[in-house]
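By written order: A, B, C and D. Residues from 1 in each chain.
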Amino acid sequence: MPRVVVDVMLKPEILDPQGQAVANALPRLGVTDVSSVRIGRRIEIEFTGQPDLDRAREIADKLLANPVIEDFSVRVADAGHAEESNP
Amino acid sequence: MPRVVVDVMLKPEILDPQGQAVANALPRLGVTDVSSVRIGRRIEIEFTGQPDLDRAREIADKLLANPVIEDFSVRVADAGHAEESNP
Amino acid sequence: MPRVVVDVMLKPEILDPQGQAVANALPRLGVTDVSSVRIGRRIEIEFTGQPDLDRAREIADKLLANPVIEDFSVRVADAGHAEESNP
Amino acid sequence: MPRVVVDVMLKPEILDPQGQAVANALPRLGVTDVSSVRIGRRIEIEFTGQPDLDRAREIADKLLANPVIEDFSVRVADAGHAEESNP
């Protein structure tokens, strides 16, 4: 199914307390080489026909992100990408 | 800065009401060719040294995702990727 | 403005890794008397007329919560409640 | 178990696109008397001893909310409150 992925992250200058909480919890897992954790949203949009990036960008701008505090990016998902998944 | 991206999505069989709300709002924007919207989380982890996928996977498993209801994937972010961004 | 509040929390038996991350970060703040942190959603619905609990419950059931993994509660917000707020 | 509830909402002047998406989806459910939907977070903190509002406020300020864009309130949860729940 053709799919567009929208990534939404708080702008870099905006504090992310939830990411900070994760970062602060890492030493208890023995992790000491992480300098920053930021938590955003990933939205997957499936189109019935050709994935439409302009449409997706409009949807993101109106219903998925607040451009004042967030940045977003839009891309067509590659079907056979090399991401590693949990089993 | 070396960075690992963790994508967390509800498992396909788990209903996502927030994504459903976005999908249901689309006809009012004149969008009628979207069959599904799913909203997950995207987490960016910056390491002080080499990005460590095994570490990131452990962090995801313990602090970022609930493996009973969510799937996650872990990958090293490519510095110069071709994502389109909002201005 | 008449307002209904919908609280949505993961069911108690469902692990909440984001709450766990906050709980794990607390010792670094010197907080050692917290046994659990759970993070859910709070939705405020403003009605143009009388707040309608049945309507709000239907909205929650279809667009705000996944009843398989989440519990929700619906109530009319009291205008002058005694919550303490940040300045 | 003594419990403190922290409610975190975007400040009123900050646009909430996810709430907007829900609001825009309502006419399809036949709901036409809702003027606004805002989606925030509700965090439940359980203390091993007496619930500590000052502690909870400090936790909220550092790990749960971004005071630049969000307001939060802190209160002790009443055990036998009159909220209506889903079955």
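The rule is short, and it goes like this: contacts are C-beta pairs under 8 Å (C-beta built on N, C-alpha and C of every residue); 3 or more make two chains touch, one makes a residue touch a chain.
From a predicted model like this one, the values you see are computed outputs, not experimental measurements.
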Option in B-C, C-D or A-C whose residue-number contact pairs overlap A-D by over half: B-C
Comparison of A-B and B-C (more C-beta pairs in contact): A-B
Computed distance of Cα centres, chain C from chain B, in Å: 23
Chain centre separation in whole Å, for chain B relative to chain A (CA means): 5
Residue numbers of chain B (touch at least two other chains): 18, 20-22, 24-25, 29, 62-65
Complex interface listing, chain C residues touching chain D: 1, 7-9, 19, 22, 25-26, 29, 31, 33-49, 52-53, 55, 57-65, 67, 71-75, 82-86
Partner chain B, residues of chain D touching it in the complex: 18, 20-25, 27-29
Contacting residues of chain D [partner chain A, same complex]: 14-18, 20-21, 24, 62-66, 68-69
